[in-house]
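Shared chain: chain A. Partners: chain B in the first complex, chain C in the second.
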Partner chain A sequence: MSDLITITIDGKEIPAQRGEMLTKAARRAGIEIPVFCGHPKLDPIGACRMCLVEQETPRGRALITACTTPVSEGMVIHYGSEKAVDARQGTLEMILINHPLDCPICDKGGECPLQDHTLAHGPGKSHFWEEKHHKAKNYPLSDLILLDQERCILCWRCIRYLGEWEDKPQLGLFHRGGETVIDKFPDGELDAYTSGSIIDLCPVGALTNRPARFSYRPWELRKTPSICTHCGQGCNLRIDSRDDIVRRHVARENVAVNDEWICDKGRFADDISVSPARLQQPLARIAGQLQPVSWAEALQRVVSGLKGVAERHGPAAIGAIGSAKASNEANYLLGKFMRGVIGSNNLDHREGAALLADPRGLPSLEAARHADLILLMGCDPSEEMPVLATLLKRAAIRQAAAVVIVHPRRIELARYPGHCFQPAPGEEPALFDALTRATLAGRGEPIPAWLAGAAEDAQITAAANALAAAQRPFILYGSDYAWGFGARAIVASLTNWVTAAGHGDRLGFLHAQANSQGAGDMGMLPDFLPGRRPLADAKARGDLEALWQTELPSQPGLTYGGMLASARGRIKALYLLGANPAGEKPADAAALKALDFLVVQELFLTETAQLADVVLPAASYVEGDGTFTNSERRVQRAPQAVKPVGNAAPDWLILTHLARAYAPERAAAWSTTSVAALFAEITQAAPLYAGMTWENLGAGGRQWPWQALSLQRSVQPYKPAALPADPAYPLRLVVGNQLWDDGVVLAASPALAQQGIKAARLHPTDAAALGLHSGDAITLRSRSGSVRTTVHVDDAIKPGTVFLPYSLAGAPAGALFDEYAPRSAVGVG
Partner chain B sequence: MDMQSHAGVDLDLLEDVLAQYQGQRGALIPILQKAQDVYGYLPPQVLQRIARSTGVAVSKVYGVATFYAQFYLQKRGRHILKLCDGTACHVKGTPVLATALEDHFGVQPGQTTEDGALTVEVVYCLGSCALAPVAVLDGQVMGRMRQEMLVRTVQKQVGAAGGEEV
Partner chain C sequence: MSGFKDVLDGAAEIAKAMGFTLKTLVSEPPVTVEYPDEPMTIYPRFRGRHELRRYENGLERCIGCCLCEAACPTGAIHVEAAENDPAHPTSPGERYASVYEVNLMRCIFCGDCEAACPTEAVVLGHTIDLAVYNRRDMLLTKEQLLNPPDPNTVIRGDW
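Up next is the complex of A and B:
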């Protein structure tokens, strides 16, 4: 039976795929059957009746809904018949009976399917002259979304999205007939992390973007296809601006990355360009105070400051810290400046050398859709990559993928059937050893002596068997397990398990930051050059020396932690780009103060920038061209959407001018004048990027292949690392990312200030023992220091641990880190 | 609907009903009916408990409960007066009866007296048009109603606490 069939619409034969919906086949033939409820990403429902057409049946012609009718061979359809036209016109008239027709003040006006369909299919006038039904207007479903029940045409798209993609069916259809409304259950929540998708899906102006409303008319927006830079997924979105102010973000389809969804942080945290806190002028420390100076003076001060240190102490006394939030171009040029101009390999970033990430990130985001088992270790996609979490939920529900989780918290995805392990910090390797042992036993393979003592129990055996039996597992580990004391043992032991199960090549790493992958790819590491080529590789150095027309130092440099720890010693000057160590760790603030010279290139006057000798105001990613590389090695463009604020300048331009001022004799190697040309240079410096051009990255980006770097994996013994107990500090610290933190991006967005719970979390038994209730103020203490915050009691927390999110205002997790970071022993006092 | 006004609902009373339909698909409407038999109406906590037990989203449970006229989401009085406002009854004076009830008991159709004694509801045609206007008090059909008679009968049934003396 062929899948290609023929159907007839209005006497015209058109080809169609067996089983596809009639609306889709018709659209391909150029017949646009109007729909409201139908949406390619949602299950067909046939609620709005807008797509009525006539079908020939043995009993004569019948009106059917084209959006719910799969095509079949020989089907005969009448779209333009009098009855079909009349039916659609009647439907539209019915929909408009109670619609307020307030298009002039409706945000949707100009991009509204209801307007468009009324123009194409509607009656010129209405039979009705009675008063319209009145329902709730400007009704907040949440802090972010407003509902106008009068504009709503009851298409169910929002209800279906929350049910089908988020598995959070928090909206429903209530009451009956003309009184029917969409609403939440009384006092209910609308708290899905991608809730804003329902604004994009709404075919009328019923659901509007609360922070953005009334700030534009759709036809006057400049629409720039771009990406989101809040996490490592790199969701595709569109930046809509007017008068060089970003007005809103809407999702852009890229099925391989984010389908057609973006999370609420990506959608609503778009105020960075209008934040009054943005740096607009270069600043220099004059007589102890940071004061505005011209760009020329600022750059001259940077040149003389760095040159002075280089002359007094040598280039190895200078270091630079890049950023996993900054573009490839920024990180590449910072590396080129440090290595090629200054002559130092002291080069790293926060998520750099110390993070035991797979250098290739994760194999493929799209693989999440086809998974038959999902294994998550030390990562929480709901908080760290919310759109990926929706894809995983869908795989769990629609493909019955078992969900296996190893995490110190019971994360959201633990609600799906599978196995959930909550090892306490320090107990992870023993658990993974047990899983490895059970896997080897299940496969009838010999158990090495070092695994013979591993625990056995039924759940461990079941989880091990499930992974071993899976055909298409989607496997991730994350930063919770990839840094700090003991991380090497955790990563080695979890790699052993996955390798023993035969899935070593599917083990991926979930990067929390937008350009963690790219920063590493650009050589923002003390021992790797662009393209992940080892510094020790003489050929790689030679290639780069030819390209950069300079000589490169071959001694590996200091790491992020090493540079900060040496700030009172051999490091005398630091150049920080988009890095804020002082905000995260008070001890680092003290270290930075000891430097001879500190340059900070930043968007905001952060805790670190306040300590600088020169502050260079950088353009945000929406204000300049750039590329970012997501967790699956997809290089994507983020073109300029608006002008930089004030005198801020793009990172690449600042660094180019700086290098030319520092070493005029090397100006020829610093002659690119556009990001497109600079990206071309990057593809030469980083062979992994060969073949890519600014143009051919296109709207959907390009990946470098997973196989380009091959890692040989086998089950190997590793060096255990026991976390020492400390009776004075009976709890164990767990730090991690949560979507709604107090980071600079959210601090710049007043609309988002109230989102999420910003507190340390304790299990109810620990809270009860300490006499604490949600909302109480607490002080967390470790040997390194203390932070004050509030407590939230949460039974998802492992007893004996306290969870502290990164980036809580006034409670920098780094204050509690010691050499056991970030698994310190802590106490509550 | 705020939770405050539904305080004191004993969810344990629901356990027998839920146990009876445990694991049965499509049993939502009978469960709602039996729950209403237990509580007289469907408080939000009860809907949430039913949602948890059946695995049906609470937004769907609430959708069903609001769709059918047989389900009540507000506390009802100990006595129920149904006032027919179908065409025949309307013509024969139901609006006057409604006004009289409001004057004497302080409740409009759809409301319950503050002491919880009486709920007045409007229905559309009880099929007894020959007896218009028709009222039904606690299941007792009363035809050809006049305002004094209605007020007096309700007064008697509800007792002295139900309103002022006529």
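Up next is the complex of A and C:
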């Protein structure tokens, strides 16, 4: 039986795929059957009856709903027949009985399927003159989403999205007949992390974006296809602006990356370019105070400051810290400036050399959709990549993918069938050894002596067997397991397990930041050049020297931690681009104060910028062209959507002018005047990016291949790292990313201030022992310092540990970090 | 001697015309308006300076829907909308215009804004003295537009 069949619509024969819905086949043939409830990403339901067409049956013509009817061979459909047209008119007239027709004040007006269908298919006038039903007009479903129950046409799209993709059925239908309304469940909340998707899905103006409400009309918006830079997924979105003010973000389809969804942070945290806290003018320290100066003076001060240090202490006394939140262009040029103009390899970023990440990130986000097993180690996609989490949930539900989790918290995805291991900090290698041992035993392979002592139990064996038997596992480890004390042992042991199970080439790393992958690709590392080529590789250096028309230092530089630790010693000047060490770790603030010269290129006057000698105001990614490389090595464009605020300038422009001012004799190597030209230079400097151009990145981006860098993995013994207990500090610190934190981007969006629980978390048994309740103020102490925050009691926390999210206002996790960070011993008191 | 007759006929015509002139001079009032010392008579359908109207209860008619802006062929209108404070609403319903500006240098007084308005909020009034000394004063703000002499007059009615 062929899958290609022929059906007839209005006497015209059209090809169709067997089993696809009639609406889809008709659309391909250019017949747009109107629908409200039907949506390509949601299961068919047939709730609105808008798509009625006539079908020839043995018993005569019958009205059927095209969105729920799969096509079959020889099907004869009448779309334009009098009865079908009349049925659709009647349906529309009925939908409009109680619709308030307040289009002039409705945010959907102008992009509303109900308006469009009424114009194209409606009767034009109504039989009804009675008073319409009145329901709640601006009913808040959450702080972010408003429901207008009068406008709602009960298509169920929002209910189905939350059920089918988020697996959080938080909305339902209540009452009957004309009184039917959508609502939350009693005592329920609408707090799914991608809840904003229901705004895009709503075919009328019933669900509206609360922070953006009334701030735009669709026809007057300038629509810039861009990406989100809140996490490493790089979801595609559209930035809608008017008068150079960003009005809203809406999702853009890219099936390979984010399907058609963006998370609520990506949608609602869109105020970065309108925040009054943005730096608008260069600042320089004059008589001890940061004061506004002109760009010319600011750059002159940077040049003379850096030159002074270079002359007194040599170029190795200068370092630069880039950012995994900044574009490829910014990181590339900062590296080019440091290596090619200053002559120093002191170059790193926070998630740089210290992070034991796979240099290729993760194999493919799309693989998550087809997975038959999901293995997550030390990462929590729900908090770190909410859209990936929806894809994983769907794989768990639709494809019965087992979910195996190894994490110090019982993360949200642990609610799916599978195995959840919660090793305490320090016990992860022992667990992975046991899994490796069970895997080798299950495969009948010899067990090396160093694994012979590993524990055995039924759950470990079951998990090991599940991974070994999986055909298409989706395997990730995350930053929680990839840096700090003991990380080497954890990563080595988990790599052993995955390799022993035969999936070594599927082990991927979940990057937390938008451009973690790209910053490394651009050589924002002390020992790697652009394109992940080792600094020690003389040919790579030679290629770059020819391109940059300069000579490159060959000695590896200091890492992020090394530069900050040496700020009182070898390092005399630092250039920070988008990095805020002082806000993350108070000890680093003291170190930065000891520097001779500090330059900070930033969006906001952060704790670090307040210490600077010169502050250069940078344009955010919304305000300038740039490219970002997501966790799956996909290079995507983020074109300029609005003008920079005040006198802020794009990072690449600042660095180009700075380099030309610092070394006028090298101006020829610093002559690019657009990001497109700069990206062309990057593709020459980084062979991994060869073949890409600004134009051919297009709307969906381009990936560099997973196989471009091959890693040989095998089961290897590793050096264990013992985490000593400390009776004075009985709890173990667990840090991690949380979607709703107090980071600078969220702080710029006041509408989001109430989202999430911003507190340290304790297991109920530990909280009871300490006499603590949710909401109590606590002080967490370690050998290095203390932070004050509130506590939230949560049984997902491993007993004996305390979870402290990064970026809590006034409670930087870095204050607690000692030599065992981030697995430091802490106490409450 | 047709030339002589022509002269006589011409003189008679002139005399006749002058007679009419002299008669009208004393029997009819003058039609010239001593503007601006005297007010102009303005016809009901005349389209002058924009006005934003209110309801009798003082609420603004404008709901900030931006349809006038969309209809304007010259981009003379700029509207920003905002949400009403339910305790102190500016207009009926949830939405009002927080910014409403008309650029008279662009306006061609076509009346499309008036036709597009769903609430009869913006109308082209009967103010014709638009001369100003400063180009900036040609940008009318919401405050200027909202203070027409008689807020409830429907200027054009049914036509």
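Quick notes
Just so we're on the same page, the second predicted complex is superposed on the first by the 829 of 829 C-alpha atoms of A that agree within 3 Å, B and C clash if a C-alpha of one lies under 4 Å from a C-alpha of the other, contacts with A are read in each partner's own complex, and residues count from 1 in each chain.
Methods note: contacts are C-beta pairs under 8 Å (C-beta built on N, C-alpha and C of every residue); 3 or more make two chains touch, one makes a residue touch a chain.
Just so it is clear, the structure is predicted and the values come from calculations on it, not from any experiment.
Taken together in the superposed arrangement on chain A, chain B and chain C fit without clashing. When the two complexes are overlaid on their common chain A, residue A:Arg217 makes contact with chain C while staying clear of chain B. In the superposition on chain A, A:Lys137 contacts chain C only, with no contact to chain B. Of the two partner chains placed by the overlay, only chain B lies in contact with A:Phe185; chain C stays clear of it. Contact with chain B, but none with chain C, is seen for A:Gln170 once the two complexes are overlaid on the shared chain. Look at A:Ile105: by the touch rule set out above, it reaches chain C but stays clear of chain B. By the touch criterion stated above, A:Phe128 is placed in contact with neither chain B nor chain C. Measuring only between alpha carbons, the smallest separation of chain B from chain C in this overlay is 24 Å. No residue of chain A is contacted both by chain B in one complex and by chain C in the other. Taken in their complex, chain A has these residues touching chain B: 159, 163, 169-176, 184-188. On chain A, the positions that touch chain C within their shared complex are 102, 104-105, 109, 137-138, 213-215, 217, 219-220. Interface residues of chain C, counted against chain A in their complex, comprise 63-67, 69-70, 80-83, 93-95, 118-119.
Within the complex, the chain B residues that touch chain A are 1-3, 44, 47-48, 57-60, 62-63, 66-67.
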